[in-house]
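Note that chain A is present in both complexes that follow, paired respectively with chain B and with chain C.
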Partner chain A sequence: MTPLLTVEDVHVSFTTRHGVVNALRGVSFAVDQGETLGIVGESGSGKSVTALAVMRLLDRAGRVTSGRIRFRGEDITAAGRSVMQPLRGAAMSMIFQNPRAALNPIRPIGDQIADVLRAHNDISRRQASSQALELLEAVRIRDARERLSAYPHELSGGMCQRVMIAMAIACEPSLLIADEPTTGLDVTTQQTVMELLTDIIHRRSMGLILITHDLGLAARYCQRIAVMEQGLKVEEAPPENLFGAPQHAYTKRLVAASPTKHSRVQDLVGEPAPPSVEPKLDSRPLLQVSSLKKVFGQSAPAVADVSFTLSEGESLGLVGESGSGKSTISRMICRLIDQTEGTIRYEETSISDIASRDFHCHPLRRTIQLVFQDAGESLNPRFSAFDSIADPLRNLLGITDNQELRRRASDVAERCGLPHELLDRFPHQLSGGQRARVGIARAIAPGPRLLVLDEPTAALDVSVQAVILHLLDRLRRETGLAFVFVSHDLNVVRMMCERTIVLQAGKIVEEGSSEELFREPKTEYTAALLAAIPHFEQRHGIF
Partner chain B sequence: MVGVAPLARRAGRRLLSSLPALFGVVIFTFLLMRVLPGDPAVFFASGPNAGQAEIEEIRRQMGLDKPIPEQLVRYLWDIGHGKLGRSMGTGQPVVTDLANRLPASLELTFTALLLALSLALPLGIIAALRPNSAVDHAVRLLCTLGVCVPTFVSGLLFIYAFYYLLGIAPDPTGRIDIFASQPPNVTGFLLIDSALAGDWEAWWAAASQLILPACTMALFVLAPLARMTRASMLAVMTSDFIRTGDALGLSRRRVVLVYGLRNALLPVITIMGIVFSTMLGANVLVEKVFSWPGVASYALDALLASDYAPVQGFVLLMAGIFVLVNLTVDILYGLADPRISIE
Partner chain C sequence: MSATLRHVGWVLRTNPVTMIAGLGALSLILLAILGPSLVPYDPVASNVPMALQPPSRQHWFGTDQLGRDVFSRVVVATRLDLAIAASAVTLSFLIGAVIGSFCGYTGGKLDLWVGRFVDVLMAFPLFVLAMALVAALGNRVENIIYATAIINLPFYIRFARAEVNVRRNLGWVEAARCAGNSHAGVVLRFLLPNVLPAMAVQISLNLGWAILNAAGLSFLGLGVRAPTPEWGIMVAEGARFITTGRWWLVVCPGAALMFAVLCFNLLGDGLRDILDPRMRT
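So, the complex of A and B:
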């Protein structure tokens, strides 16, 4: 029997201003009916290009230069729109990352589902609408009838992805390609979306290609996993073999760099443990937050009655799902926004009394610094790396001498592992990891004692994340910095923080030492969060 | 859906908040007219030999002998009572003059905008779907021509070609052939009035007078509309939801028109408002070339004669229309984009 989809030695190249880029350099795989194939790899490895090539959705600049793509035995390598349009949606469908952007923002979702139904079936508007309702119920959207007329911006990210799934399966295709379907969603939402997806796949015995950067997700839901690197498939194996005994050097590195339930920061990069400096937990608190509350407009409080303390040199993790208030708390600590009620004491000063708009010229500004999530977005595009690092030195420390600035900036850059020759580059000339280093260098340049990190590695590939986490950990141990570490990735928080606070809807659910909290969660909510993390079992002694 | 009550409340608030700006416009125009060189009294005196006494008499009639603050207060008082003064040129109250001439300008502007849109949207879409193709370059050339040829040149060219050479257009004088029967005045818009009266001969006469000036103006504003449509379409066609539409097998037509164009139209609506206001005020050259009895040519004549009242009235009218157009654009935008909240 012919497999549902076969991809044979496919090459794809893109014509760009800087010449021809070979995005795929000979990729082969096959997917059968009822089978789930995972494609994992880091950004630029060609995972998404593979999916788009199969769907024949490559943009104008990209084309398949050689190889064969067969769908149900039929060669579709060079098929035109007239062949593909009836297939897309009806026989092969695709769902995307960032579901909210993938839906038409000004069209009710019921109409969007009906559009797909009517594109492939000769049915009336009314029939399409009632089928759309059934589909919304099938993807377990509550109050489906009212939701038919909702717009994407009125739904949560998880709901949008369910709508997207409903659209993709509306015409019962036999192949579904899911390109990072749960990236950016909370772990619990990820779990429900993935379970819904696999349930539908099994029930209709469809073929699924799951593209993801998350090895744990692939391990949990796929029967076979293909690892891609720089346009090549380097390895393909069932998950237990792949993670148990990875063959290819790249796979080994990828597996090692992925945070798991037991990994430590130094394991990720395969370096010996840095000299461990015990945080001075018994010393006087650096930060005291009590009864902190923040209300935006008329809605329910984003942060309600949160209190905690942070010792000098301690690292505290704030975890929770989106909307739990973790970013709001971090912004109030940094005095970027004002609290509604409550106090924040930093050493001897009650910084909650200083209005957020005045804090930038307060002497304490230099001691509390921030590292942002998206290093690319948070760097001024017109500033070179040197300018970005020198800016706080100039403004907060009042250094005006150019040589002195240069010396200090390269000093800080060196500590952050940023090579000297990169200092004159602009953000767009730097890689993601290098930008993250600039962001960190900028934050530690004025010599802070408290660093607030808001999802500092969320936008990075796992191998880069590993290096950056290692860097942050080393900096903390060297300089005795205290961290407030905000993240949705529980494994990262466990590795980076001595203590963890779990937040839900603006309230603290659980608080305790990271080791204990992750080993034996005391509340159901924390337990559910932990259970939702997909993970893979790794055989010890890879290195 | 957006309810009617909050929409009305929002519109009311917007109108109220525009009052200070309108007030500023009134004061500014008043002062500007006073510092412009030229004495209206001299201009409107019986002749070049008019004596000093006659000029003084006219000054007194016009209230120009009073100190400027007092003139301003009187002027504001009059505006508050709905009076904009009397035009020295026509001898009519400015309100009457404007009310007679505004429909002519509006009819011309609306027709031109409709023409421009019906041309700009398809051109913009085609150019965006095939960027850097021959079609795209042709559209760009047409837009450039439209912008850089002044309206009085294109207007005269149209007259030369269609009236003088081909003889298919009527003589370019006014809104309707003087020998044709005027339809009863209901809305002031000749096309609508004659259609209401069922007088299709008059409708045709009015339409054939209208088409050349409307084309002239449409050509001038084609560029901003078509370029905006193209840019906006280009951006929208690369967004994720277009890819979704393609990935789920929607027809090209549906992807382009329903998913692409409707989203791309949002910024075009904003531009449309600006274009409309510009056309209404800046079409003085077109009105002059085609002897169109509109408000802009009326204001220009008054300005040349240092006739204060009509110019001030015209500026106030334009400011008011600008406020209304912006409000309409806002409301349209709110209806077209469900993401815009009511507040």
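So, the complex of A and C:
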């Protein structure tokens, strides 16, 4: 039997102003009907380009230079628009990352699904509408009839992704390509979306290509996984072989860098364990938060009655799904926004009494610093790395001498593993990991004692995340910093924090030592969160 | 530095229209600076026996009703017209960008009141407003500048406000606060430089418009007065003779005006590419 899709030694190159970039350098794989193939790899490895090449959706600068793409045995490598147009959507379709951006914001979702149906089938408006309803039910959207007339902004991220899936399967394609379908969704939502997707694949015996950076996700839902690095497929195997006994050096590194249920920070980068430093839990508290509340406008409180303490040198994790109030709490602690009610004490000072607008010139400003989520978005595009690091030195430590600033900034940069020669580069000239280092260097430059980290590695590849987590861990050991570590990734929090607080809708659900909380969660919510994380097991005799 | 030059070179090479517009604008600026010392005749000295000569080898653009050399007058007028436009645009850009940025950043009452003021200003026919302003303030060159600046102000306020508004919740703005910058510091040192590239386009388009505006006011007898060489007045004076076939009195200063406006308008897009740091790699 001919496979559904075969890709044979495909090369893709892009013509840019700096010459020709070879994005794919000979990639081959096949997908059968009813089979799920995972393509994993880090950013720039060519995962998405592969998908676009198959769909023949490469932009004008990119083209397939050699190789063959066969769909149901038919060569579509050089097929023109007249061949591809009926295929796309009807025989092969694609689900994108960020479903909200892929849906038209000013049309009801029912109409958008009907559009797809009517583009490929000769059916009436009424028929299309009733089929759209069936599809919404198939992707298990509750109250589907009312939702037909809903606009994308009225739906949650997970619901939008289900609508995208409904559109993708509307014309019963035989091949579905899902490009990071659950990135940006909460773990529990991810679980429901993925289970729905695999269920549909099985029932309709479609082929699925799942593109993801998350090895755990690929392991849980794919029959075979292809690992890509720099435009090449380095390995392809069933998940148990791939994760149990990775063959290629890159796969080994990738597997090692992915946080699992049992890994420690130093395992991720393959270093011996440093001497563990017990936080001085008996020492006086550095931060005391009591009955903190924040209400935005007329809506339900974003943070409701949150209290906790943090000792000097301790690391506290705040976890929860989106909308649980993690970021709002971190911004109130950093005095970027004012609380509605409650108090925050930093050592002897009640910092909640200082208005956020006046805090920039308060002597405590330098002791509480924040590391932001997306380092790319948190660096001023017009500031070089040096300017970004020197800015807090100038403002908070009052250093004006240029040579002194240079010296201090390169000191800090070095501690953060940022080479000296990168200091004069602008954010767009730095890689994701380098930007993260600049963001961390900027935060530790004024010598803070409390560092609030708001999803510091959420936008990074796993191997870069591993290095950055290791750096943060080392900085904490060296300087005795206290961390408030905000993250949706529970594995990361478990590794980085001694104590963890689980938040839901602005309230504390559970609090305790990370080890215990992750081993035996006391509440159902925490248990559900933990169960939803897709895992792969490294072979230690298991399997 | 060399990287910047390479980048400018790249933008100009890949975008010939910008190249031509840039060369045109550059030559206009050079003419404005050097013009008076280059021209063959005194632009205000009359020579009645030579009045209303068509273009010839001695007088490239012919002569006017008082026998003055039209070419010399057109060239010398460049300085005045560009100076009026440039000062007006600089004034409205500086004031508008600062007001707009603060409105976009703080929002609230300030934004509301400034927004309504801008709406009211924009509801007037702007050219008529400029005429009224010059008439009220007095018929002087600096008043043309103020009037042109005021009628341009709403566009800069709106533009800066919108550009700052989309950036005010970005991570680097919060990071700037954490690094100890005051709200004013965030606006002036962080947000303003980031909206400059987008505003450069506006500035360039506006320069062309301001030149037209200044010439238009002079055409109507407001602002610059004869015998000062100025494109608008020259067109106004020449218009009397167009029915008798002395086309050069209108066409030559008019073409100069059109060329200047066109150059600055076309330059806009290229400028944005040059000033955007993300375009550089």
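We take it that the second predicted complex is superposed on the first by the 538 of 543 C-alpha atoms of A that agree within 3 Å, B and C clash if a C-alpha of one lies under 4 Å from a C-alpha of the other, contacts with A are read in each partner's own complex, and residues count from 1 in each chain.
The definition used in the following text is that a contact is a pair of C-beta atoms (placed from the backbone, for glycine too) under 8 Å apart; a residue touches a chain by one contact, two chains touch by 3 or more.
Quick caveat, the model's predicted, so the values are computed rather than measured.
In the superposed model, A:Arg125 makes contact with neither chain B nor chain C. When the two complexes are overlaid on their common chain A, residue A:Pro392 makes contact with chain C while staying clear of chain B. Of the two partner chains placed by the overlay, only chain B lies in contact with A:Pro105; chain C stays clear of it. Of the two partner chains, chain C is the only one touched by A:Gln373; chain B is not.
In the superposition on chain A, contact is made by A:Asp115 with chain B only, not with chain C. Under the contact criterion defined above, no residue of chain A touches both chain B in one complex and chain C in the other.
Those residues of chain C that touch chain A in the complex are listed here as 10, 14, 170-172, 174-183, 185, 190, 193-194, 277-278, 280-281.
Touching chain A in their complex are the following residues of chain B: 238-241, 243-252, 254, 258-259, 262-263, 266, 336-339.
For chain A in complex with chain C, the touching residues are 17-18, 331, 334, 336, 357, 360-361, 365-366, 369-370, 372-374, 377-382, 388, 391-392, 395-396, 426, 428-429, 439, 442-443, 446. Of all residues in chain A, only 55, 57, 59, 81, 84-90, 93-94, 96, 98, 101-107, 115-116, 119-120, 151, 153, 164, 167-168, 170-171 touch chain B in the complex they form.
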